[in-house]
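Both complexes shown next keep chain A, but they swap its partner, so chain B is in the first and chain C is in the second.
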Partner chain A sequence: MQKNKARSRFIVACVAPAVILSFIFLVVPTFNVFRMSLYKWGGYSPNKQFVGFDNFVKLFNDAKFFQSVRNSILLIVIVTIITIGFALVFAAILSREKLKGQNFFRVIFYIPNILSVVVISAIFSAIYDSNYGMLNSFLSIFRGADAEPVYWLGDQKIVIYSIVGAMVWQAIGYYMVMYMASMSSISESLYESANLEGASRIRQFFSITIPLIWTNIRTTLTFFIISNINMSFLFVKAMTNGGPDGATEVFLSYMYKQAYTNSTYGYGMAIGVVVFSFSFALSAIVNAVTKRETLEF
Partner chain B sequence: MKKALSILLAAGMLATALAGCGASSSSSAPAAGSTSGSTASAEGEYAGQTLKVAAIETAYGTQMWEDVVAAFEAKTGATVELTTDKNLEDVIDPSMKAGDFPDVVHLAMGREKAMPETLIKEDALEDLTDVLSMNVLGEDVTVGEKIIPGFTGNNTTDPYGDGHTYLMPMFYSPCGLFYDAGLFETKGWEVPETWDEMWELAETAKADGISLFSYPTAGYLDAFTYAMMAEAGGQDMFNRALNYEEGIWETPEMTKMFDVLTKLASYTDPSVPSNANGDNFTKNQQLILDDKALFMPNGTWVVGEMADAPRAENFKWGFMALPALEEGGDRYSYTFFEQCWVPAGAENKELAKVFISYLYSDEAADIFAASNAVQPIAGMTDALSEENQLFYAVYDNGAKAAIGTFAATDPVEGVNMKDAMCFTMDSVVSGTKTQEDWVNAVSTASDALRAALK
Partner chain C sequence: MVDRKPTGGEAAAKAVMYVALIVLTVLIVIPVAWVFMASIKQNSEFYGNPWALPQGVHIQNFVDAWTKARMGDYFMTSIIVTAVALAILLVVALPAAYVLSRYKFIGSKALNTGFMAGLFINVNYIVVPIFLMFVTADKFLKEVFGAGFFLNNPFVVSLVLASTTLPFTIYLLSGYFATLPKDYEEAAYVDGAGYFTTMVRIIMPMAKPSIVTVILFNFLSYWNEYIISMTMLSEPDGARTLPVGLLNLMKAQNAKAEYGQMYAGLVMVMVPTLILYICVQKKLTQGMTLGGLKG
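And then the complex of A and B:
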C-alpha cells in the first residue's frame, strides 16, 4: 500500500510538468480562440464588445473567405494525393529494387525536408520566374523563344498549381522515408512466394506492400492533412502573399489578414475556430474512411 | 529521504521551466530587437524618469534614432529605452496585447500588420493636439509653428476629423512616377506631361519592346490612386471620396480616374503581377533599372533600396508628379509621411510629448536629415544630397500636394478599401477582372465602410 502511494506520487511528479505546460500553452490558448471569436475586438484596446455568433454569420456571407476555403481544400486534396502517391512509389522502388546509388537518392529526396520553407519558396520563385525562370526556359525549347511566357505566379488560373508543385517537392522525401521504414519490416519470404506464384511487381505492390503498411499510411495521411493547412500558409506567405488579388489566399493567410491587417481580431479568431473544427472533422473522416482490419504476418 | 529529494528535484525542474515564461517588468529588458538604454547624468529636468521609445527600422537605418535619443538624454537627464526593429510590430505587439505599452512609437500606417490603424479604430491613441502648442524642447517656437502647413489637420493626423491630432507627421517623401531619365535622353523622348502624351509614348516604347508601366506591389498604388483622385476631382472631391461619399465612384470624375487606371493596366508589363508580392517586388523595380518598363509609382526611398542593383548604361533616376488629365491641368504628387504616436495606455505620457516636441528641434532634424530622413519642417530639404533635392523639388515645380488617407472607421469584417482599390489592379492586368468589376468592388467596400464611419 505504502509503495503504491509512493509510486503514484512519483508518476504525478513526472507527468505534472508536461501536463501543466500543455495546459498553459495548448488548452488555454485554444479556449481563448473560441472565446475571442465571440467578440468584436481590434487586438489592443480594452474595449471588447461581445457580439455572440455575429462573426460567424458574417463569415458565412464572406465571398473572400469561401475563396480561401476553396483554395485550401484544393491544396489539401491535390497535394495529399500526389505526395502520398509519389512517396509510396519511390519508397517501393528504393526499398524493393536493386538500384545503383540507392542511398544517394534517399539523401537527395530527403534534402527538401531539411530546407526551410522560405528557402524552398525562394528556389521555386526563381524556377517560376516568367522572364528568367528555369521552367519557362525549358518550355521555350518546345514553344519557341518568342512565345508569350507562362506567368506561373501571375496568372490566376495557374498560380495555385504552382504552389502545389513547391509543396509536393517539399514533402515527398519525408513521407518516402516513413514508408521505406515500414516497408523494410515486411518479411522477404512473402515476396519470394509471390514471385513463385508468378505475381508481377505491380501486383505485389498492391497486394502485399500496400496492405501491410496500411496502418502507417493511415497515420501519415492524417498527419499530412493537418500539416498541409499550416504548410500552405507558409508557402503562400513566402511566395505570393495571397496574391495576385486573393487568388492564392488560404485559410490561415486570410485569418492573418483579417486579424491583423484589417484590425478585426475577433473575426480572425472566428476563422480560427472554423479551421480548428474543419481539421478535426477532416481527420475524423479520414480516419473512419481508411479503417481496415490490421493485417498481421 | 530519497523520495523527498526526488519530489524536491521534480518541483525544482518545474519551477525553473515555468520561470522562463513569466516576465517581470522590472528586471527584464525588452526581449527582441536591439535595445539600448543608458543611464544619463542625474542632472536635467527629467532626471530619473524613463521613457520607452519604439521606432521602426527602415531604409534610413537606426543610427539616427540612437543619436537623437542620446542627444535627448543629454538634454533632459531622462533615460530612454530605445527599441528598433525592421518588424517592430512583432517585437512590441506581445507586450502591448498584455497591456504594457511603449511611450512613443514611430511606426507608419499602411503596413501589413496595420498597428496604428488598429489603434485608431480602437480609440487607443493619445490625443496629441496640445503638443502642437508646446514649445519645441530647447527652442522658442511651438511645434505647430515649425511643421509645414498641411502636414497637420489632415485625414492622416486627425483620423476622426474632429480637429484633434492623434498622429504627428514625421519623415515625408513625395510619391510619384520614377523613370530612367538617361533612357529618355538617349532615345530623344519627351517626358509626358498629360495622360494623352503618356499613351502616345506607350505605343512608341512598345515598338522598342519596352512596357509603359510597372508597379512594385499593387499596394504601392495607394499613393498613386490618391493623387489620381485629387487630379480627377480636385481637392474637395478627393476629401469627399476619402469619406466614402455615396455614389462618388460612379461620378464622371472618378470614371475618368478608373479609365486611366484601366488603360494603364493594359500597358503594364505582363510579368508584374507574378512578382507583385513582398518577396519579389524588387524584380518589378528592376524593370525600370533594366529599361524594360518606363514608369513606376514609388517613393524617394526606392533610390536607397535599389542602390546596389545592376542598371542599364546611362541610368539616371528621374521623378515626376502624375501627368495631367488634360493640357494645362493640375498635376498631383501624393505626400507620404511616416507618423509618430503615443498609445493611450502609455505610462509616461508627459515625457513622451516632450520627446516628440524634441523630434522637431533643429538639432534632431539635422541628425535625421544626415540619414536622408526629412522632417516636415520648412527649409529641411536644403540639407539633402543633390539627387534627393531633385525629388523634393517636385512641389516647387508646380505639382500640387495631395495629403490624407481614407477616413477611419470601426473595423468592418472582411472589407478592406486598399484591397478593393489597389489589389484589384493585379486582376485587371492579368485580364480576369474588368473596369466595371473594379468600380463595383470599390463601391461595395466604400458603402460598407461608410456605415462604420467614426
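And then the complex of A and C:
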C-alpha cells in the first residue's frame, strides 16, 4: 500500500507541471479562440457582446478576407509544388548518384532552415530592393542598365511571387534531407536490375523512387500544407505586412491584424476558426486523394 | 550507388546534375555571404552597385548596432529567453515524457492522446488569446499591487515558448523512452532505488542523445522565434529579443537609411545559429529524421 502511494505521488509530481502549463497556454487559449468567435469584443474594453454567428456572416461578405484566401491558396499550391518537386529531384541526385561533395551540398542546402524567418526576410528585402537590390542589378546585365526597375515588393501583381521565392528558398533543404533519408532505405538491387533492363534515370525516378517513398511524400505533403499556412504568415509579417494594399495578405496575417492591431478581437478569432477548419479539411482531402496502395517490392 | 558505363550520355547527365547542384549552392550561399559583406560597408556604399566589394572594413556598423540600435541589450535578452525556456522545457518535459511512456495509471491514455492532439495546435492561432489573457491578468494585478507582471517580461515569454513546445518535445522523448526495456527499472527497484532516483540516475543518462536533439531543435526555434516575443514585449523602450529588434531595425532602415547597422544586426542574429550548425550539422539532420516532422 505504501508503495502504491509513493508511485501515485511520483506520477502526479512528474505529469502535473506539463499538464498545468499545457492547460493554461494551449487548451484555454484554443478554447477561447472558438468561444470568442461568437462575441463582439474589442479586446481591451470590458463589454463583450454575444452575437452568435454574426462574425462569420460578416466574414463571408468581407472582400479583404477573400483576398487573403486567394493569396493563401496560391501560396499553398505554388510553394508546395515547387518545393517538393525540387526537394525530390535534389534528394534523388544526392542519394543515388556517385558525385563528389555530396555531404558538402547537403550541408549547404540545409542552411536556410536554421535561419530566422526575420533574417531570411531581411536578406530577401535586400535581394528584391528596386533601386539597389541584387536581383535587379543582376537582371540589368540582360535588360540594359537603363531598364525600368522591377518593383519586386512594390508591384501588386509581382509581390506574391516574390514571397514564393523566399519561401521556397527556405524550405527546399529541409524536405530534401527528409526525402534523402527515406530514399536511402530503398534496396540497391532494384536499381541494378532496372539498369540491366536499360531503364533510364528519369524512368527509375518515377517508377522506383517515387512509388517507394510515396508514404513519406504523403506525410510531408499533409504537414507542408499546415506549415505553409504558418510560414506564409511569418514571411508576410516580416517582409510586406500584407501590403501593398492587401496584395500579400494571407490567412493568419489578416487574423493577426484584425485581432491584435485592429482590436476587433472577436472577428479575428472567427477568422482563426475558419482557417483552422480549412487547414484540417484540406489536409484530410489531400490525404484521401493521395492514397495509394503501399508498394513493397 | 549504381555503376553505369562511362558513355557520352552518361557524362552529359553527370554534368547537368553538377550544374543543378552548383546553381542551388550559389543561390543559397551568395545571399548569405552578401549580408556579411554588406555588414562592413559604409552607408554611402549602399547607393550604387550592390555587387561592389566593400571599400574598407567599417567595423563601426557593429559598434553602432550593438549600442545605438541596442542590439547588445537584445542579444542578452535573447540569451536569457532561450536559456530559461530550454531549462523550463527540460525540467517539465523530461519527467512527463518518462512517466507517460512507461507508467500505466488512471487517465494515462487520455493524457497521451491529449498531448498528441496538442501537436496540432499552432502557436500562431493562439498568440493573441494568450496576449489578452495577460492583459486581463495585468489589469487585475495593477489594481491590487500597482504593477503588472506578465507583459513585457522576458521570463514570461520563456514560459510561453516552453509551454507551446511541450507537446512536440514530449512526443519526441516518449518515442525514445518507450523503446527502453523494462528491466532497467526493475533492477533498480530490486536494489532499493526509489522512483525518482531511478529516473534521474538510470534513465536520464541513457536518454542523453534524445535530450541533445531536443535541445538543438528547440534552441533554434526559440532563438529564431519572433511572433510571441513581438506580441508579448511591446513596451517602446523595453526588452526585445534579437529577431524583434532586427525587425524594428528593418522598419527604421526605410526611414533613416541606416543600412550598415541593419546588416551588422543581421550578422549578429545569424552567427550563433551558424556556429551551432557547423558544430552539430550531422546530428541535426540525423535527429530530424529520427524525430519525424516538425511544422
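Methods note: the second predicted complex is superposed on the first by the 268 of 297 C-alpha atoms of A that agree within 3 Å, B and C clash if a C-alpha of one lies under 4 Å from a C-alpha of the other, contacts with A are read in each partner's own complex, and residues count from 1 in each chain.
Heads up, the rule we're going with is that a contact is a pair of C-beta atoms (placed from the backbone, for glycine too) under 8 Å apart; a residue touches a chain by one contact, two chains touch by 3 or more.
Predicted model, so just to flag it, every value in this text is computed and none were measured.
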- [ ] Could you check whether chain B and chain C clash or fit when both are placed on chain A?
- [x] clash
Open item on the list: With both complexes overlaid on chain A, does A:125 touch chain B (first), chain C (second), both or neither?
Closed with: both
Open item on the list: Between chain B and chain C, whom does A:154 touch in the aligned arrangement: first, second, both, or neither?
Closed with: first
- [ ] Would you sort A:65 into first (chain B), second (chain C), both or neither based on which partner it touches?
- [x] first
- [ ] In the overlay, answer first, second, both or neither for which of chain B and chain C A:214 touches.
- [x] neither
Open item on the list: Once chain A of both complexes is superposed, is A:47 in touch with chain B (first), chain C (second), both, or neither?
Closed with: first
Open item on the list: Contact-wise, after the overlay, does A:26 reach chain B, chain C, both or neither (first, second, both, neither)?
Closed with: second
Task: Touched partner set for A:34, first chain B, second chain C, both or neither - done: neither
TODO: Name the contact category of A:201: first (chain B only), second (chain C only), both, or neither.
DONE: second
TODO: In the three-chain superposition, say which chain, chain B or chain C, touches more residues of chain A.
DONE: C
Open item on the list: According to the stated criteria, A:177 is in contact with first (chain B), second (chain C), both, or neither; which is it?
Closed with: second
Open item on the list: Tell me which of 91-99, 145-153, 181-189 or 253-261 in chain B produces the clash with chain C after alignment on chain A.
Closed with: 91-99
- [ ] Would you mind listing the overlap between the chain B footprint and the chain C footprint on chain A?
- [x] 6, 10, 13-14, 17, 21, 24, 43-44, 121-122, 125, 129, 238, 260
- [ ] Show which residues of chain B lie in contact with chain A when the two form their complex.
- [x] 3, 6-7, 10-11, 13-14, 17-18, 21, 96-97, 112-115, 117-119, 121-124, 217-218, 270-280, 283, 343-345, 411-416, 419, 423-427, 430, 432-433
Task: Partner chain A, residues of chain C touching it in the complex - done: 1-2, 4, 13-14, 17-18, 20-21, 24-25, 27-32, 34-35, 38, 46-51, 91-93, 95-96, 98-100, 103, 105, 111, 114-115, 118, 120-122, 124-133, 135, 159-160, 162-164, 166-167, 170, 194-196, 199, 220, 223-227, 231, 243-244, 246-247, 250, 262-263, 266, 269-270, 273-274, 276-277, 281, 284-285, 288-289, 293, 295
Task: Complex contact set, residues of chain A against chain B - done: 6, 9-10, 13-14, 16-17, 20-21, 24, 40, 42-45, 47, 55, 58-59, 62, 64-65, 121-122, 125, 128-131, 148-149, 151-157, 238-241, 243-246, 257-258, 260-264, 267
Open item on the list: Quick check on the complex: what are the chain A residues that touch chain C?
Closed with: 6-8, 10-11, 13-15, 17-19, 21-22, 24-26, 28-30, 32-33, 36, 43-44, 86, 89-90, 93-94, 96-99, 105-112, 114-119, 121-127, 129, 132-134, 137-138, 169, 172-174, 177-178, 181, 188, 191-192, 195, 201, 219-220, 223, 226-227, 230, 233-234, 237-238, 252, 255-256, 259-260, 265, 268-269, 272, 275-276, 280
